[in-house]
Amino acid sequence: MDTAIAPGGILHGMATITRVRAIRTRADGTWVIVKIETNQPGLYGIGSASDHYRAGVVVAAINEVLAPKLVGRDTADIEDIWQSTLTSGYWRQDSVMGTVIAGADMALWDILGKEAGLPVYRLLGGRCRAAVPVYAHAAGNTIEELIADVQHYIDDGWVYIRCQLGAYGGGGFLEPASPGEGGRPRASALRAPFDTTKRGAFDDEAYLQNVPEMFGALRQHFGYGPKFTHDVHEHLRPHQAVALAQALEPHRLFFVEDILPPEHVAYYRHIKQVCTTPQAMGELFINSAEYLPLIQERLIDYMRIRVSKAGGITPARKIANLCEFYGVHTAWQEGGDNDPVNQLAAYHLDLASWNFGIQEENHFTDGELAVFPGHAVTERGYMYGNEAPGLGVDIDETAAANLFDATRAAQPRFMAEDRRADGSLVRP
Amino acid sequence: MDTAIAPGGILHGMATITRVRAIRTRADGTWVIVKIETNQPGLYGIGSASDHYRAGVVVAAINEVLAPKLVGRDTADIEDIWQSTLTSGYWRQDSVMGTVIAGADMALWDILGKEAGLPVYRLLGGRCRAAVPVYAHAAGNTIEELIADVQHYIDDGWVYIRCQLGAYGGGGFLEPASPGEGGRPRASALRAPFDTTKRGAFDDEAYLQNVPEMFGALRQHFGYGPKFTHDVHEHLRPHQAVALAQALEPHRLFFVEDILPPEHVAYYRHIKQVCTTPQAMGELFINSAEYLPLIQERLIDYMRIRVSKAGGITPARKIANLCEFYGVHTAWQEGGDNDPVNQLAAYHLDLASWNFGIQEENHFTDGELAVFPGHAVTERGYMYGNEAPGLGVDIDETAAANLFDATRAAQPRFMAEDRRADGSLVRP
Amino acid sequence: MDTAIAPGGILHGMATITRVRAIRTRADGTWVIVKIETNQPGLYGIGSASDHYRAGVVVAAINEVLAPKLVGRDTADIEDIWQSTLTSGYWRQDSVMGTVIAGADMALWDILGKEAGLPVYRLLGGRCRAAVPVYAHAAGNTIEELIADVQHYIDDGWVYIRCQLGAYGGGGFLEPASPGEGGRPRASALRAPFDTTKRGAFDDEAYLQNVPEMFGALRQHFGYGPKFTHDVHEHLRPHQAVALAQALEPHRLFFVEDILPPEHVAYYRHIKQVCTTPQAMGELFINSAEYLPLIQERLIDYMRIRVSKAGGITPARKIANLCEFYGVHTAWQEGGDNDPVNQLAAYHLDLASWNFGIQEENHFTDGELAVFPGHAVTERGYMYGNEAPGLGVDIDETAAANLFDATRAAQPRFMAEDRRADGSLVRP
Amino acid sequence: MDTAIAPGGILHGMATITRVRAIRTRADGTWVIVKIETNQPGLYGIGSASDHYRAGVVVAAINEVLAPKLVGRDTADIEDIWQSTLTSGYWRQDSVMGTVIAGADMALWDILGKEAGLPVYRLLGGRCRAAVPVYAHAAGNTIEELIADVQHYIDDGWVYIRCQLGAYGGGGFLEPASPGEGGRPRASALRAPFDTTKRGAFDDEAYLQNVPEMFGALRQHFGYGPKFTHDVHEHLRPHQAVALAQALEPHRLFFVEDILPPEHVAYYRHIKQVCTTPQAMGELFINSAEYLPLIQERLIDYMRIRVSKAGGITPARKIANLCEFYGVHTAWQEGGDNDPVNQLAAYHLDLASWNFGIQEENHFTDGELAVFPGHAVTERGYMYGNEAPGLGVDIDETAAANLFDATRAAQPRFMAEDRRADGSLVRP
């Protein structure tokens, strides 16, 4: 790598960004990988800018905003690039643009690691742990199915297991019924999307009944050894969320996540007044105005912002540092939507963060993993990266293109739209 | 409707208020309907200014204050009329005047809807739900009677049911006894109205004992499917209210209402510190100084201000919006006193408010409903309005006059005056 | 007076209320005096229930609500009557009903004093001061006129003088101008009441400029000896009120009153952060939710609630007591609207309250005073009552009737409706 | 419009969304207009989704997300469409998506107004003022130039004038100098973009010196009649912002805007502790977590969120209502970037909001205005819309296409990137 030190001066890496590209993959096209190429032969980096619902918008932003902003800059100026890109369109703290910037940021850390010949976690201060514990996703439509799924993970050596029951995880859906029967509006009042009779209506009280029962059954079956979590997906009215947190207390969860929507995080104060159920939140956050008060008041116990939605490794490391001051641990969001690059970005942060808590497992097919040589490996509840320089993962562009199904990618994708019995929307 | 657009200029709907009248109806004369007439043939609106205890005062205020203030103004200036009438007598946030202004405000929205050819809820942003769930009023002097009444509603498809036991609902009344016996002052000390021997004395501790027992019996009989509420009617000392809220927690009420009087809402902080029983309050509020701190601190979960006591649709919509920011849901007060016009004003707000929670059922006789063509219909726990322009309800003035009984209307009406065993007043 | 003590029992006065009447007087009919008659020969009391803008509504409430509620009760049960009347119509803290209750409450204290053969202030604990200082109302359309008016009061021995300049006191009105000239909307946009060109538009910035200048001129002329106050009449936007308080600081006012409207008293926190200008407020308050937080946080220095709007002597004494705990002084509102009975009710409280601060002067004609034998006398800045039992004032009903002009009384009365240059309402 | 009332049933307007299109115009392609077409002949609406820096991203989001989400829905369900679109991609409170949703929301209100035959402001409650005052943008590279520009506006009848000096308005830029001279890093340390020698370096202290001097000169020349504002563009370190607010106090600005960046609004507490300079902020806000605490604590005096960045008329009205409870006034952001549709959306809110304060002027060429028949007209400091149904503005698609310059539109656009003398970025 060609660098030069001016005598007595400031040294700069000589790698200059020459090209910024979006590579769209996964069969449904929801994975967007940013690839930054440089004027140094063979030196490039990749980062994750995936958005399950708006991949095309992300790609447009990479091409229209990110590429012209970055081309010509030194790859070394990671912090300055982050700051100046963030505010380059005036508005910031944006879900779409935050993801785009994250793609670039991860790619620049990847490049830096390659320049240094070191894995990224070493640039972040080195490892605090041998490997990264991850939590599994167990689910079932009945308690029996759920117990079987949990058992499967336990048999495989997992300790941390998220437990979900039925549709969207909480068992809070009433059986579909004829309109006008049993607490449903009559047929003449129903027009899509207000008709809840086909899919079942969400009911806060049913959820509040079912989830503690579910954990009662799980604890009866498995005892208190396994570390269970639960994800509420922001489905409850705030006061119901407080009640659920309290009702879950006897079952000693590792944490409950997203019990409140981001608009109503002030209710964590009520939760902390009445119970000790550990709280995890953050996967919807994109703005420090959302999480700074929560951390500062120590109202959540695990910070779950997605590394790419935070804006990449640069801001995620700062958030982890902030959390350390307040006794909050990290639990970067992963799950079904994320890609192997984002997973590894989180992995490097996990290794180097003293106050790391847990990470979420991902679900990749073999075909998907084949696109990402060097991807992380998860075994018996632990995730392992590799020691290659940078993030340690590459993208096979041919495989990526082969995996991509343009027809599927062109389909619009929206969050499931749950509704209460009267037809009103349940805000996720 | 006569309108014209001046080229490049400002111009307004030409409907001008020509007359403002109070129409008093219901057999006991407690319903007061404001009718606003305009200079446009056939264009008028109606609104509710009913006050069960002070109908004559309301009528005087309509004649002395409202009519001269409004006649001559454009019907279109709804917000300005509201603001300028509110402060026209210097003092504001007044139960009597708030109701009077509400009558005008509803009538102006009714007129606007007619001018637009659209039901009011569409002017408010359109519907968020198929129909409006309402909660029933079940009661009994014994648990058996109460269970039978609840069963009746469940059989009819209702889900939300308020459960009250005995006099004024809470079962907190001691048996009438001879003065001087069992914790009562001796006869020589008793003078009306301090004599509690005829009606029974209210006892906070008895109430605190009875209500959780009642819900224990109801939950044992019905399980956790039905959504129960309870109304305390502000009968408890504040610390007893905190204790009751906690004692009710295992019975998972949909909400408890008016557990505190408006003078002592600061005790909601204590309630929220110790339990998760959902709190509904507001039917006594008339002043933002009463509810703004409660909403802002998220101390109540359901805002129950009566639309007419809030001052009409204009302020009620603002309150609903305020609540949305804080995760509070609306549960506009209805019940026995209100009239079909106020019921529909609430209905239109319910349809259009994303953060609507529930509405209270009303009790009208067929004869009363006949006065109000277009009135809402409640079936199996849901209320339905119609799609006619405006509020969708009219008043048949002949029927209104026939229903009205001047002799009954002339009787004074006061809240029941409950007293403790020592004769002291229980503030409702 | 016929009383009897049952051996070992509780003693009650034998006076029973037989009649409650409203007497309306002043030429414009805005004074409403409640007269309570008893079954004891010659024993009656009077109280003030005046409301400048809604006298007819008050009269209706006395006849419909107050009279049937009180007739038959012992005059001795002052506290119980107050509490049970307050909540007799469910909603309370009402401007109209509060005034009505106050009329009864003052009359009952008047009766009690007569029964005791003592002036009311002695029943309240006796006098803490020899006489009651009051503040004068000086005004002028120019500084010169104002200086002359102030000089007149100083020459007459007054020390406390409220100083107001021009329309509504603050000099914040722009000169009337042609529409479309100098920051006014063009003619085609104007329709009453949005047309401000006839009366002049209110301008916060002009007010903020004029009032400190006015006090600069007054202090230059009179020095710091006279104690000046100023009344803002709630005309400013909250942030302008904060700025005015600060700008007035160098002029060392005795207090500034109503710098904020009741809806925005939270801004007193800002005022107290930036300056020491003493703050008086309360004449618009009717509800403890409005004033309790202000007193508790020590955000106002003088509590100015009108005794009749507070609900009479019973609650006003409690408010004075509350204020004593927090170092707040009383300055009961009087001024142009009030009647000699309310003035004396305040006087008795003033004498007996250790933490009394100042009272506002009234303006009565000789003809008006002739209606109220025993009225207070104000000389050289001090008010003096008399030592007759009760309030010390009576009403000459014949004179009251003669003063009353039915035609004038029938005219509607509204607060002046000031508007800004764009036509929008200035909330008083 | 085809409607029908089912007897006793619910029924809706029959207008269904058939097509959602993005129309890109202005020569530089930065204006994006959403057009919603319906199944009713001739019934459509338009809304603003312009983003000066990311127009192409917005267009991608309209095509990929908005159109498939909306087609097939009733135009009447404005609130439900807003709520369900907001959360349709899980992450929300997004600058890009908020703008896109706003475009749809305005178009639906436009359609509703057309269905009603009424201008939108009447659906919002009618007008509270005759016309909408706007503030002008005066600027100069020297005080003399600035005074001349201000005089020009005053001569034209304007009252509210924003005053800016030099580059980016504040005069805080040091003269360009040779690197290594006068507090600049030496040449060997400079690399673009760290080189500040070409454009001049931003210096907080210079800004802090210059702006109060500027207003001193303006006040000396013009006195306190004109209402001046100033825009800091978030250029200062937080503590310097506090110092500037205090230094500006003697000059009595109408408000200072964006004195703090959105990341550091907590410093408004410091500002309010030390001075009374009115504060305006909001044009960068997209998330209630940013503005709810500010409003609730009354830390800003004017809320300047852009209607389209708030998400349209539906949320902007709620924000205005929220502000009314807290004594905060609205000053929707306009300025150079916005289009005539967004300007009119703000105008309708202005007319109907009692707590409206001021609006910012826009700058359109005749050619740009020709694209928007019915556009607002600004004269002598007041803006006037028209009385046509809906927003009152249309888009001439042919003119829009002719105005659009594809070559210019393809150029990337970024905020000016100011830096301090050491080369570090000044966050806007």
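We just call them A, B, C and D in the order they show up, numbering each chain from 1.
Simple rule for what comes next: a contact is a pair of C-beta atoms (placed from the backbone, for glycine too) under 8 Å apart; a residue touches a chain by one contact, two chains touch by 3 or more.
Treat the numbers as computed from the prediction; the structure is a model and nothing was measured.
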| item | value |
| --- | --- |
| Comparison of A-B and A-D (more C-beta pairs in contact) | A-D |
| Remotest chain, chain B as reference, centres from CA atoms | A |
| Whole-Å gap between the CA centroids of chain A and chain D | 32 |
| Distance between chain centroids, defined by C-alpha means - chain B, chain D (Å) | 40 |
| Length of the line joining the C-alpha centres of chain A and chain B, rounded to whole Å | 45 |
| Chain C: positions in contact with at least two other chains | 189, 191, 263, 424-425 |
| Chain contact graph, described as a line, ring, star, complete graph or other shape | other |
| Set of all touching chain pairs, with the criterion as stated earlier | A-B, A-D, B-C, B-D, C-D |
| Chain B-touching residues of chain D, taken from the complex the two chains share | 3, 5-6, 8-13, 74, 76-81, 83, 112, 115-118, 122-128, 130-131, 288, 292, 296, 314, 317-318, 321-322, 324-325, 352-354, 377, 384-388 |
| Footprint of chain C on chain B - complex, ascending | 6, 8-10, 12, 51-54, 56-57, 59-61, 63-65, 68-69, 73-74, 80, 83-84, 87-97, 186, 188-189, 191, 193-194, 262-263, 265, 284, 286-290, 293, 309, 412, 414-415, 417, 424-425, 427-428 |
| Chain A partner contacts - residues on chain B that touch it in the complex | 127-133, 157-159, 224, 227, 252, 254, 272-276, 278-279, 298, 301, 325-327, 329, 354, 356-357, 379-382, 384 |
| Sites on chain A touched by chain B in the complex | 180-183, 185-186, 189-191, 194-195, 205, 208-209, 237-240, 242-243, 246, 263-264, 266-267, 270, 273-274, 420-425 |
